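Think of it as A, B, C, D and E in the order they're written, each chain with its own count starting at 1.
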Amino acid sequence: ACSDSPNAGNKNASGGNTFLTVGMPNGPQTENHNPFLTTSAGASLGYRWMLYEPLMMWNPVKPADPAKPWLATGAEWAPDFKKVTITVRDNATWSDGQKVTAEDVAFTFNLIKKNDAINLAATPYGEVTATGNTVTVTFKSSMFVYKDKWLGQTPIVPKHVWEKISDPSKDPNKNPVGSGPYTLKSFTPQTTTLSVRTEGYWQALPQVKELRYTSYTDNNAQTTALSDGSNEWSFVFIPNYKTVFLDKDPAHYKVWAPPVLGIHGLYINTTKKPFDDPKLRQAMNMVVNREDIFNQAEAGYFHPLITSVTGLPSPAGDAFIAPEYKGKNQTVDVPGAKALLEQAGYKLNGNTLNDPSGKPVKLTLTDPSGWSDYQTSLEIVKSNLAEIGIQASVDKANQDAWFRNVEEGNFDATFRWTNGGSTPWDIYQTVMDGKVMKPIGTAAPGGNFGRFKSDAATKAIADYANASDDAARTTALNTLQKIFVEQVPMIPVGADNVGMAYSTKNWVGWPDDTNPYGAGQPTQANALDVVLHLKPANS
Amino acid sequence: MTIPTSSVEQVIPGQGAMAQPEPAKPGRARRKRFRFVANGKALTGLIVLGLYLLFAIIGPWVAPYDPDARGPALTAPPSADHWFGTTHLGQDILSQVLVGTRGVMLVGLAAGALATILSVLIGVTAGYLGGGWDDSLSALSNVFLVIPALPLIIIVTAAAPGGGDTLVALIIGFTSWAWGARVLRAQTLSLRRREYVEAARANGESTWRIIIFEILPNLTAIIASGFVGTVIFAVTSEITLAFIGIGSVSSWNWGTILFWAQSQQALAQGAWWWFVPAGLAIAFLGTALSLINFGIDEFVSPRLRSAGKTKIKTASGRTVRMRVGFTPVLSNSSAPHTHARPIPVNTAAATPVNRSKEATQ
Amino acid sequence: MTLSPDAKAPAGEVVLEAIGLTKHFPVRRKLRDLFKREHDAVHAVDDVNLTLRRGRVVALVGESGSGKSTVARLLAQLYPRTAGDIQLHGESTRVKGGRPFRAYARRVQMIFQDPFASLNPVHTIRYHLTRSLKIHGNAGTSADDLERALADLLTRVSLTPPERYLDKFPHELSGGQRQRVAIARALGANPEALLADEPVSMLDVSIRLGVLNLLRDLKERLNLAILYITHDIASARYFADETLVMYAGRMVEGGDSESVTQAPAHPYTRLLIDSAPDPDRIHNMLEDTGDRGNGEPPSLIRPPAGCRFHPRCPMAMPRCTTDLPVRLEIGDAPGHWAACWLYDEGTVAAQQPGSAAAADLVNAEGTR
Amino acid sequence: MSGEPVLEIKNLNVDYGLGDQAVRAVRDVNLTLHRGEVLGLAGESGSGKSTLAYGLTRLLAPPGVITGGEVIYHPENAEPYDVLGLDDRGLRKFRWAETAIVFQGAMNSLNPVHKISTQLNDVLEAHEPKMSAHSRTARAREMLKLVGISPDRMDAYPHQLSGGMRQRVMIGMALILQPQVVIMDEPTTALDVVMQRQILGQLIELRERLGFSVIFITHDLSLLVEFSNRIAIMYGGRIVEEAQATALYRDSLHPYSAGLLGSFPALRGARRELTGIPGSPPDLKGMPTGCSFHPRCPKAFDPCAGNIPVLGNPDTPDGSARTVACWLHPVKQPVA
Amino acid sequence: MRYLLQRILFYVFTAWAAITINFFIPRMIPGDPVKSLLARFQGQMSTDAIDSLYVLFGLDKDASIWSQYLDYWKQLFHGDLGLSFTAFPASVSQVISDALPWTVALVGITTIISFLLGTGLGVLAGWRRGSWIDGLLPTTTFLSSVPYFWLGLLAIYLLAGPDSFFPSSGGYEPGLVPAWDQYFIPSAIQHSLLPALTILISSVSGWILSMRNMMVTVAAEDYITVAHAKGLSERRVALGYAARNALLPNVSGFALSLGFIVGGTLLVEIVFSYPGLGFLLFRAVGAKDYPLMQGIFLVITISVLVANLIADIAYLMLDPRTRKEG
């Protein structure tokens, strides 16, 4: 009877060159393998990318690099980026043996187009047509800034299965049929197990025979699992990661946190006096100690330090930095800030900075109480600002209230993230786009929380998205950088990362700084590429 | 933590003899009101509680550092500079504990006071007025009793945005009065039938005067015990809320400290000093309050007092324990023992003769 | 000073009169009774007549549960009555609370059975007495007046010197002293009638008489009308001018104390008197028991039809089981009456006394 | 009737509390219970009656301790032994089989959660383990019938019985092992007079049949006079007088006994003014010197305040049959 | 019978009240599940996703509170608790039924053990005043004053670790599939030891204390003295008479404590990352998952009611005085 047990082979907790343990600190899951739902276990743990594949493999660590062909052998964009012609690979099969066709791809796009609920990126689909092995998609607006994400992060599903599903936004997709190298073996709220396909995959099968995705209940549990070796790959914030994680097995335990083109920083409400003065904001930017924040709040790795004055992380943003800012790094410069303020008419009275009208400069820094890294960052900013006489107080807000207040512009300054994408456009758009700006008191969920009003920036943002040539884009981006640097609508601090904590004890071949071929985060579409790169450590 | 430690609360009144002042027996003096302070447990509890109150008042002044202030020593173990060590930001944990005392005590006392007022209002009204008032008020308190309090508090607190200490105290107060109300109602019911209440009524006292001057003074021990019990509950609830990251957010309390310790995985880092002091502070406060409650319990029901001396030596040098059913025999009688001849104890004779069939006459 | 012991009203003046006084306590309805028409009720007191006169003591005797306390409480207007009338100086009164109740309480005061329970342990004697004086406006206008009134009250109940008792708590006094305080409190209202519900039954034997003697003394000096409730028929004889006997909510016999105790007419009264311990009747218990009334008082929710005593009565006749006996004059002494068919010549002639008496006493016991 | 002794109490002292908190509730009590007699124990509240009764069976709850004396029990066909010297096992065997107790409140004496039958059965199970279940039930039924309760009430719970019935159950239970001594501590004060007489009548009848001795405690002296053979009067923890019931009633020697007797108004005979006993009972913590009754005694004279009178046979015609402790009555021969 | 009927009526009323409260609380309070979901994906989801999430969760409908209330009842009668936001589109009942067995097993069994153990020790302590158990009381009082979660953290710190027998989190070893086999069961038990110990340590003292106090109170009753006087064995008196009667008030206490099963031990589940209801509630609260919160709260309340009803019935059987004849 023992051999019948589903647990018979699973008892050995770690190691072995047959399986890889993957973890996310997302709590118990319910059986849901729907690749379109961010709430599904597949998305939450990331294994949807092992079952379903994108058309192209885009590397968010090096967003400017061309995307690798994957289910598609190529994609041809029209110059205005409102139309694309995709050639679908002809040697791919679904796990039930049927061939992957252009029909399937077209069906997938139409499915998303028809269901707002699963059109998470609000992609402006026009017409989708399939002819032979090509699919042509038109769009209502330029896809330039979205193109890589769209191609690289849309899972392609088989038409013959999904056309029977009445509501793709509610279906748990209990028996997933995909084109990826793995199939579902078992599911429990705690662990999902995938096993490698025996045949029919369009490229060499990965060496990892089995993937075990465990959903740990929280960061603590995930960290513990990582440090005792029962989990080998995860994306989790580990405070003091050296002591807590690396030191447990310095030879094998590794952390890699490559930045992407999305950042975290201090949004300043530019409608409030005296913070409507760019000089003041500049001065503030000059004293914020990003390094301290990086080391103390982000444990020295989690939100990689942004050194460039443009707020663009390195290396992901390096290619986009305007010539005038190349190599220009932000450093803490208290005397400089003081001088700048002096010039602009501010007076430092002992420990208090008075604005030109004589009022002391005060502000409240606010973030939800539970977000410990932001809270820590705010504490650091507070003490930084004190050095130039700005009195800041930290408000630990309720999360809901914070969301509402930030969107409605009811704040002095707050830490928040920006959107991310394949170009810096997303970053600047989130911070400075006049189109999404709403008056104070009206929610502006699309961005520009600081109510930064700059027609030049708004125009540059639109130009960049709709431009039909690279030169125009470069010009627009350079303009955006200039405005960002000079007006400081937001003080950039750290980048978003798509990194991982992992162990090389059993498997090697992970991406790292020397070979950043993909994102490390197991929930990214790249994860599939990473798994395909893995080799047993002892071979 | 959630099981009320006070037996006054634990025991369903009317079924146990608890919570009922011992009926005064003819000739035996009733115990004096404030005698319970002389109770060792209560005194210990009161002293410790007094210390906490003191720190609640002077905490922020005696704290060596600003609890928010960052220092150069990050996650440092206890040292001469930082007696309780520091956080990942170099904040002084001792200062956080000291400053946090006020928030904890304020919420605890405020919630306790609110719940006590509600329970007195509802319980005594229901018990004294009886009839329809009683039916509806008892139903209300029974509902509140059965609805699980902590989840309710968590949900309400989480859902009410921007809440501060006041809100937390209000919510805890509004959700935890039911026990007290039930105990008080039962007690009032029995008090209402006491002759002195009836006598006051027969003498022409007005209803409100009877409630306030005749009934309430006799409920003080129970009210106090309920208050202390609610304070314990309120303190743990508040800390719990802070620990899981909802509720009071704008000020330091011990739960906040533990929240940070937990989110920074102090355990995994080996930074025991980060969570031990706050936890001990809670535990000692809880113990002090429980002790006070024991004191009240024992005051209300003197039987519960563990007898000071329970073991005695007999003349023969044997140690005998006082126990129910077997009164110890000592032979240290002050009167001279006139009948000196010891009677030989015949164990065989001690076996009763079976007389069941025998006719006795 | 409003306490006026000298303002004597003519002795024998009727102060309080109960006419056909009835009290039924509704029984809490059960769920399955919801659809029934009639309501169950405890027939605690049925059709009780009684008159309290100045300077006279009326004793109300009966076994436990016969409704004595209920009568007292009805007279004190602590319970609303179900039927009948209570007349204060000939005027029908029905007060529920507030001012009218106070006005009534000023004239009719009650003393409770248990002096250990009728004083609030948290208040001093001073508080108790002051309240009584203040409620009824007898406290005077100044602190001195009050002080004098307090001292006067305590002196009147022989708690002297008053200062020694004023600031004590009830638990610091002995039972007899407490009952005296309770009496003083009642006197604080300067009442005309005192309703004393077993005022000495909780007291130690040796001090009972002291309190009874005090009451009698007060009655004479203040010309009070006293209702004395007791289950000890010997003390009724000792203390009361007139004695009424109650059984299961009804009056069964009445008359001056001497005739009722020496020549009991109703079988229940006889049972009561025979049962009372009597040192002069030594070692004759065996003869007494057995054929005397046995068993237990009936359920008051469904009281027996006819005479309520008939299930226990050795003299019961068929008529007793059906017809409610009326008051019948006995004739041995003026005012001596009994509610018993035995004194109806017609009935006795037609039916054999004892012919309807219960046969098996053991099995007749109620268990409810 | 007054044959050989069945229970001899010698110099019994009982304290509440230990050390300096101790108060002595029973002092140097000497008392003998004879086979088949009813010994009445009277005295006002707090005089130590219950303490004596519980003390001699060692049932006093803490902080009661027996601080001296002996309680010699004379079994019918065996050597006498000291109850106070028994170990736990011996005491358990002794209890109920030899001495049974009936307490004042029957509702409180019966365990409310067990059936009457269970509680009767318990006794038999503990003392006669060899008895079959069937005969145990038979015995219990028989016992109930004896006290006038229909045996089909066997499976009733205490709350389903009336006060009188409960008290009868207790009496039945007390007699189920046919003990030599039955101690009754105010068994009828909670009942009204009719019921009291019924129950006592039954008890007397049973005593005639079964021949046990009774220690009957009450404060109602008139009841005792009517009902018991001998009466002992307690005051302040001591026996102050002891005599045949009739003798005591007709001619009480101790002023306290006289006072007690005078506290009950008579039902028959002339109505006379009664005074009761002035003053209040003594405080155990601060006993008056000398005769503890002297502050309340109408006949107190010099020696009373000075020395404690010894209990002994007074110098009266019938003096050898009675004892008294009073300076008014010089003692011919002290007891024990 | 009448007693039982009365109780049932009360339970029906309470259930109605609880369900109604349950309905109103989330609705009266502002808060936005979509935002909370966004927060979970801090920085990982673009602002464009918001609209589609609103559509996804069907949050853009407007209906009057009253009709919502009616719908809510209609749904409840169909056993439909709605769809969970966090586990979308899984139904709330499915999510709860995944978690419920864990809580019932761990916390339920532990509570019962704690009750039995505490009661047993309390009987001893109350019966033998001044024995060693009395000396234990201050310690247990102290332990019970320590918050559950802190004790749990301490237990993890001191007892769990990479090489320890005690796992620090989870309900069973990752990789195992719940099944009644020799791999899963031991693992589940092993994972429940520390949390169980924590609950036990902090809850047992309440029972010891209340039982001790009840024993002391009961030991002074006349019927205990009578039992001694009857010469019954010490065991019989202590258990059959004293403990049996002292237990009665504690039965109701036990029923109420069942109400704390989920509420009070929520923290234990959080600290030990135990996949039970308490942990689920915590997550639902964090994510503003109202349907799930409502569902869990409902389940908790109903189970408390059921527990109370069972305790009432137990009480009915234990205490003959509540059984009215006729």
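Just so it is clear, contacts are C-beta pairs under 8 Å (C-beta built on N, C-alpha and C of every residue); 3 or more make two chains touch, one makes a residue touch a chain.
On a predicted model such as this, the values are computed, not experimentally measured, just so you know.
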Chain E and chain C - chains in contact with each: B, D
Identity of the most central chain, Cα criterion: B
Maximum centroid distance from chain B, chain identifier (CA atoms): A
Whole-Å separation of chain centres (CA-atom averages), chain C against chain D: 33
Chain centre separation (chain A, chain C; CA means) in Å: 90
Where chain B and chain E are represented by their mean Cα positions, the distance between them in whole Å: 22
Chain B and chain D, separation of their C-alpha mean positions in angstrom: 43
Chain A residues counted as touching two or more neighbouring chains: 220, 224, 227, 370, 399-400, 404
Contacts with 2+ other chains: residues of chain C: 174, 204
Numbers and ranges of chain B residues touching at least 2 other chains: 26-27, 161, 245-246, 262, 267, 307, 310, 322-326
Sites on chain A touched by chain E in the complex: 1-2, 5-8, 10-11, 13, 21, 23, 27-32, 34, 37-40, 116-122, 169-172, 186, 188-191, 193, 212, 214, 216-218, 220-221, 224-225, 227-231, 248, 262, 264, 368, 370-371, 399-400, 403-404, 417-421, 426, 430, 445-447, 496
Parts of chain B lying in touch with chain D, wherever the complex brings them together: 26-27, 307, 309-310, 312, 322-335, 337-339, 343-356, 360-361
In the complex with chain A, residue positions of chain B that touch it: 68-70, 74-75, 88-89, 161-163, 245-246, 249-250, 260, 262-265, 267-270
Contacting residues of chain E [partner chain B, same complex]: 10, 13-14, 17-18, 21, 25-26, 28-31, 128-130, 134, 141-142, 144-150, 153-154, 156-157, 202-203, 205-207, 209-210, 213-214, 216-217, 219-220, 224-225, 227-228, 237, 248-250, 252-253, 256-257, 259-260, 262-264, 266-267, 270, 281-282, 285-286, 288, 293, 296-297, 300-301, 304-305, 308, 319
Interface residues, chain C side, partner chain B - complex: 76, 78, 97-98, 101-102, 105-106, 109-110, 112-114, 116-123, 131-132, 135-136, 169-172, 174-175, 182, 185-186, 188-189, 202, 204
